[in-house]
Amino acid sequence: MMDPERRKDVLLRLAKAAGQVHGIARMVNEDRYCVDVLTQISAVQKALDGAARVITRNYLERCVTDSITSGDPLIYDELMKVIDRRR
Amino acid sequence: MMDPERRKDVLLRLAKAAGQVHGIARMVNEDRYCVDVLTQISAVQKALDGAARVITRNYLERCVTDSITSGDPLIYDELMKVIDRRR
Amino acid sequence: MMDPERRKDVLLRLAKAAGQVHGIARMVNEDRYCVDVLTQISAVQKALDGAARVITRNYLERCVTDSITSGDPLIYDELMKVIDRRR
Amino acid sequence: MMDPERRKDVLLRLAKAAGQVHGIARMVNEDRYCVDVLTQISAVQKALDGAARVITRNYLERCVTDSITSGDPLIYDELMKVIDRRR
């Protein structure tokens, strides 16, 4: 379960990212300078990273905490995968 | 100028990325497992990386090639920024 | 505390990385092709990533587990920093 | 050919990185806190990134420029590989 504030935050970040992706498509259609398009792609990736950070924090405080408290040894493999994905 | 095949390719990748972002918002609303949401965020990041690669290749073959052929020394700073571009 | 097997593993990876760095310096002195030097730099970065993974796993199983079990709320900020750690 | 100033710069950065790797091994032997070791691994990776940037700049100004000026179409594949590796 994600708490309501975090969910709202993530949904806002995703809505912003979706808007940015549409803006990039428009730039490509208008034949804008490649470097400007690449800069915008980086910006949307940063917005997505922001959403991922909020979800990750929620994951640590809830799922990881529950698993560790109840002694589930499988959580470490899952957590390593999450960490590897972020790099 | 991006050549028409590449532009089409980039627009398809962006459309796919936009669809994925909407799908992620839906997952968040349905309170799906955090790790699955994070996996989907990675997937859309990869789709955007794919679009960036096509644009970068076009940039090298056109803008960078023109600038180097005409002896413009400023291209190297710009190119280094493109290379350093990270999420 | 890092367990002895992991410590040995990390030290081997670091020794390998150190050897690779010396090899790269030799390549630079011999004026080897830039792309080959860059490939070797990527290789040593991967060796260091490998060492970081082992240390991170140890950190999760020991420090993070102890902190969560004892209810220390500060562990989440620290863990987020470890996850965000990038080159 | 790397010009002498750049070569000197790269060799200094590599020597610094090698020293840092030895320092990290010492930290591991002294059983220092995992997070501090991870921070030092990030620092050496940044030093190596710095060396890679200088080599990349030299590569662009010399090899890439020569290949583009002489109309070698293979340079774009090589350059894309160099760019992908940095991300």
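For reference, chains read A, B, C and D in written order, and residue numbers begin at 1 within each chain.
Everything below uses one rule, namely that contacts are C-beta pairs under 8 Å (C-beta built on N, C-alpha and C of every residue); 3 or more make two chains touch, one makes a residue touch a chain.
Just so you know, these numbers come straight off a predicted model, no measurement behind them.
Q: Counting only C-alpha atoms to place each centre, which chain is farthest from chain A?
A: D
Q: Measure off the straight-line distance from the CA centroid of chain C to the CA centroid of chain D, and report it in whole Å.
A: Here chain C and chain D have centroids separated by 16 Å.
Q: CA centre of chain A versus CA centre of chain C: separation in Å?
A: Centre-to-centre distance between chain A and chain C: 24 Å.
Q: I'd like to verify one number: the distance from the centre of chain A to the centre of chain D, where each centre is the average of its C-alpha atoms, in whole angstrom.
A: The mean C-alpha positions of chain A and chain D differ by 28 Å.
Q: Touching at least two other chains at once: which residues of chain A meet that condition?
A: In chain A, residues 56, 82 touch at least two other chains, as defined above.
Q: Considering only which chains touch which, label the overall pattern as line, ring, star, complete or other.
A: The chain contacts form a single closed ring, each chain touching exactly two others.
Q: Using the touch rule from the top of the page, what pairs of chains touch, sorted by label?
A: A-B, A-C, B-D, C-D
Q: Which bits of chain B are touching chain D when the two form their complex?
A: Residues of chain B touching chain D: 49, 53, 56-57, 60-61, 64-65, 68-69, 76, 79-80, 82-86.
Q: If you look only at chain B, which of its residues touch chain A in the complex?
A: It comes out as residues 1-2, 7, 10-11, 14-15, 17-18, 21-22, 24-25, 28-29, 31, 33-35, 37-39, 41-42, 44-45, 48, 51-52, 55-56, 58-59, 62-63, 78, 81-82, 85-87.
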